[in-house]
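Only one structure is covered here, and it is reproduced in the block below.
A, B, C and D label the chains in the order they appear, each numbered from 1.
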C-alpha cells in the first residue's frame, strides 16, 4: 500500500475494485465505513454485488476481466473534462503524451460495450474520483488475479498519477494484501528474482554484498515462481521441494495438475502445523508452531512492522518454525544459522536490508514503523512518494485492453470467478477446524443468477456439477442477483469441492499471477440418484 | 396507490394458548362465526411460551401483524405465564416503535375458551387495523 | 498509585484475596491481568488507564474454572453494575468477590456519557459528576417513523457478523446463544438477517444491559448499539420499574415472575 | 491459578489487527481485541475473535514424520533432518542446485522467511524461492 490503514478514514473518495473488503479485510472495511460517515463518497466497481457494494454511494458491475477498458475510459473522460492535475503531471511524471494517445480510443460508448458500465455512471465516477480533494484507490485480488493483472495495476497507477491522487495522506493506490505476512515474505525475498529488500539477484554489486554477508558464492540466475516450479517438476527438472506453511494442492490453480506434480516429485518436505492435503504427499513432515507459540514479526499490508509474541508452548515435539529452519540450515551444511532467538535473526535482516535498516525489536515495541526506515532516527514512512517517486519520475504506461484468456463458448457457456467468505480463510487449514467459524458455513456453494438457474433447471440448494476444461466439482446452488447473468461465483476454501480444480493456470507475463478470477465453465444439474 | 392499498390483504399470525384462546378460536369455528382468512392461528401450550423470537421470526417471514393471545389474568393454566407474556409484549412493542415499526402490528389479547365471539371480533378488528397500516416494512 | 499497590499487597498478605484482576502495562499497551500473591513483583506494572476492558466478563472466565477462589477485581461504576447483575443471576458468589473501586476520570466519564462513573466504595481516584445525556435516544424518538426505520436498517446493514457485541458483553453469559440458532437466524450470512439479529439481541439486553457501552466500542461497523440498548433499558424502567445493575432486589421481570408475581406493565402509547 | 493476556498480531489477513490472547494456566482460552492498537482500535472480525480456536484443533502435527514406503511414520528430529540433508545433497549432486526449490510462506514470520530463502540461496545455491503472494 502506498498509504497506511488509518488514513482511509480521512479520504473524500474511496474507489474500491476487486476487493471484497468486508469479508477479506473487515477492519479496513471498518475504516471505509467510518470515512463514509465523515462524508466520503464510496465507489465500488466489481462483478459481484458484495456487502461493501451495498454500502457504496455508487456501485457498478463490470464484465469479468474488463478492467483496463473502464480505467482507460475514466482517464479519457478526465482528460476531456480537464479534471487532470496538470501541475502534478508536469512536475512528477513522464510519458503523459503516450498515455493520452493510448486512452483516446476508449470512448464511453466503446467502454460500455466492453465492460457493461453505463457511460453516465462512468462519467460520474470520473468526476468524483478526479475532483475530490483526497481520493484513494483500494484493490485486491480481483484486480491482480488475471492474466492482465500487471496491466490492471499499472492502469490504476496511471489513474492516480493523472489526477495527482498519490503522494499525500489519504490518497494513493492501495493493494490489500491477503495473508497476514504476504508483505513481509515478499520484503524478505521469498521471491525468485531478488534478495531481501528488493535487491536484484542479477545485480553484480548487490550479489557481491550478499556473498560477503553470507560468506558463500551465490547464483546470479533468477529462480522459478510457484507455478513454474510445478511445471518444472512435470518436466523432470525440479526434483526436490521444501514447502513451508503452504497448501499448494488447494491454493494453486489447476489443482489436478499440481497433484500430478507432487505425486511425481522425487523428494518433498512439508513444514506445517496440520496434516494438509499437501503434507500427505510429503516424504518428510516437520511439525511447526502456530502464531501463538512463537515470537517474530509480521509486516502488515501497509508496510507496518509488528511483533507476534509467544503465549504458550508448541504441542509435544513441535518447534517454533524459526528454530526448525535454523536446524534445517545447519543440517544441509549451511553457515550462519546459529541464531538463539528471532531477534538475532532480525538483527541480521536489518543489516542486509536497507529498507528495514533502522528497525529494531526495541523500536517496534514503542513506536509504529512503516518501512522504508533507513536509520535509527528515521521515523519510517506511513505513505510513499511524498516528494517524488522512488524511481525518479512516475512513469505513465500506455496500456490496451486484452480480453481474458478463456472466454465462454458453446461448451463452457458460463464465467466462473472465485473468492473468499467472511467466515473462512484461504484453504481453510485453520478456519475449518475452528468450531465458531464452521458453525457459520462449512460447505462449498456456487452463486448463480436467477435467469441462469432457470436455464439450468435448478432450485436453491440443489447440487450441480461444474466442469471446466481442467476438472469438475459438485456444489450446492445459491440463487442470487448478486452475480451478473452469465457469471457464477464460488468460494475456494473447501478442499472437497475445490474451486481450483476448475481455474486456469494462465499467467500474467510479468507478475506470474494466475487468472483465478475468470475461466469458462459448464453447469449441469445432477439427478437425485447421482447426488 | 389507493388501489394498491385496497387490494392489500395482510398476513396475520395468531399465537394461541392451548387452554383458553385456541379453544376460543375453535369455538368461533364451531359457532360458525366468520373471521378473516388472513388470520393463521398457531397453537402453543401457554402464551408465556411465545418467545419474542417467534414474533420476530413471524415478521421476518412476511407477517404484517402478530396477535398474541392467552388466558385472562388469573386463568392461566400455569398460574402466571400470561403476566410474563404481557411484560414481554410491552417491551417488544416499545422496541419496534423505536426502530420505526408501528407497535400496533403486535397485539396481545386475553380470550377465554368460551369467548368464541371475542376471538372473531379481535380477528376482524386486528385485520382491519393492519390492512389500514399496509404491508409490514419487516417483510423480507 | 503506590498506596493502591500497597493496599492490594496487603490484601494478598492477609489472605483476604487470592488474586486481583486488574490492568497491567505491557509496553505501550494496558492489558488485563490476574495478579497473584505468588508474584507480588508484578504489581509494579499495575496501571489504571482511561481504557476499559470487559473485566467482569474475564472474571467469569476465571470463576468458571476456579469457583472457590477469593478474588479481587478492579471495578468502575459499570463493572459494579455488571457484578450486581451477575450475582442476581447466580453466576458469582458475592462473598468471594471483593470490589476494588476505581472512580473514573472526568474525561472517561464524559466520553462514556456515564450516568454513574464510580462504584459504591472508591479505592482509587476522585468521584466526578455523573453525565446525564439521553440526546442519542431523543434524536431518534423525534424522527418520523419511516425515517427511524430507514435509519436503523441502514445502520444494521453494515453489520459484518463478528459477534463482537456479544463476545465483549459481561451480560452475555448464556451457555447457548440464540444468535447462533440457525432456525432463527440463518448462519453463514454477513450481514446477518436484519433487523431480526439486532432486535433479538436488543430484546435480550432489556433486563440485563448495564449501559457500559463496550459493545459499541467493539463494533467494527460503528452501529450505535448502545443507543438501542439504552432504549430498552429505559423501557424496562418505564413500564416495569426495573433498572438492571442495581444491587439486590428483584430479578429481571422478563425472565422471573418475582415476588410480586402479578405485576403487569403500564400501558404503552402506540402512537 | 494463572490468567494473563499476551499482545500479539492476528494471523489471518494482512490488515494486522492487534489482539490479546487470553492465557489460563498455560492454555489459550480466548481472544480480546487490543483496545489501544492503532489499526483495529478494540474491534475484530469473526476470524480474529476466534483466532485461538484452531490452535487446539485435532490433527495438529506434534512429531516429525518420515515416509517409509506408503506411510508416514513418526521419527526423531535427528532422523528427519538427516533424511532431508542426505536427499538434498544427493539431488544437488546429480542434478545441480536448480533442481531444488522451496515455497516459503506468507503465514510465517519475517524471520522465518529470511531463514528459508537463506537456506536455499546460500546453503543450496539456487534462487528457486517463491511463496503464495500471487495466490
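Everything that follows uses one rule, which is that a residue touches a chain if its C-beta (ideal position, glycine included) is under 8 Å from a C-beta of that chain, and two chains touch if they have at least 3 such contacts.
Model, not experiment: these values are computed from the prediction.
A.B. asks: With respect to inter-chain C-beta contacts, which pair, A-D or B-C, contains the greater number?
C.D. replies: A-D
A.B. asks: Using mean C-alpha positions as chain centres, tell me how far subunit A is from subunit D in Å, no decimals.
C.D. replies: Each chain reduced to its C-alpha mean, subunit A and subunit D end up 19 Å apart.
A.B. asks: Return the distance between the CA-based centres of subunit C and subunit D, expressed in whole Å.
C.D. replies: Centre-to-centre distance between subunit C and subunit D: 37 Å.
A.B. asks: So how far apart, in whole Å, are subunit A and subunit C when each is placed at the average of its C-alpha atoms?
C.D. replies: Computed value for the inter-centroid distance: 40 Å.
A.B. asks: Two-or-more-chain contact residues of subunit C, please, as numbers and ranges.
C.D. replies: 27-28, 160-163, 220
A.B. asks: In subunit D, what residues contact two or more other chains?
C.D. replies: 7, 18, 40, 43-46, 48-49
A.B. asks: What is the complete set of touching chain pairs?
C.D. replies: So, checking each combination of chains, I get A-C, A-D, B-C, C-D as the touching pairs.
A.B. asks: Write out the stretch or stretches of subunit C touching subunit B in their complex.
C.D. replies: 140-141, 143, 145-152, 178, 184, 193, 195-196, 199-200, 202-203, 206, 228, 231-232, 235-236, 238-240, 253-254, 257, 261-265, 268, 270
A.B. asks: For a test of understanding, state which residues of subunit D touch subunit C in their complex under the given definition.
C.D. replies: 1-5, 7, 18, 20, 22, 24-25, 29-30, 32-37, 40, 42-46, 48-49
A.B. asks: Over in the complex, which subunit A residues touch subunit C? Could you list them?
C.D. replies: 22-23, 26-27, 29-30, 33-34, 37, 51, 54-55, 365-366, 421-423, 436, 439-441
A.B. asks: Quick check: in the complex, which residue numbers of subunit C touch subunit D?
C.D. replies: It comes out as residues 18-19, 21, 24, 26-34, 36, 51-54, 58, 61-62, 65-66, 69, 160-164, 167-168, 217-220.
A.B. asks: Write out the stretch or stretches of subunit C touching subunit A in their complex.
C.D. replies: 27-28, 157-158, 160-163, 180, 187-188, 190-191, 220-222
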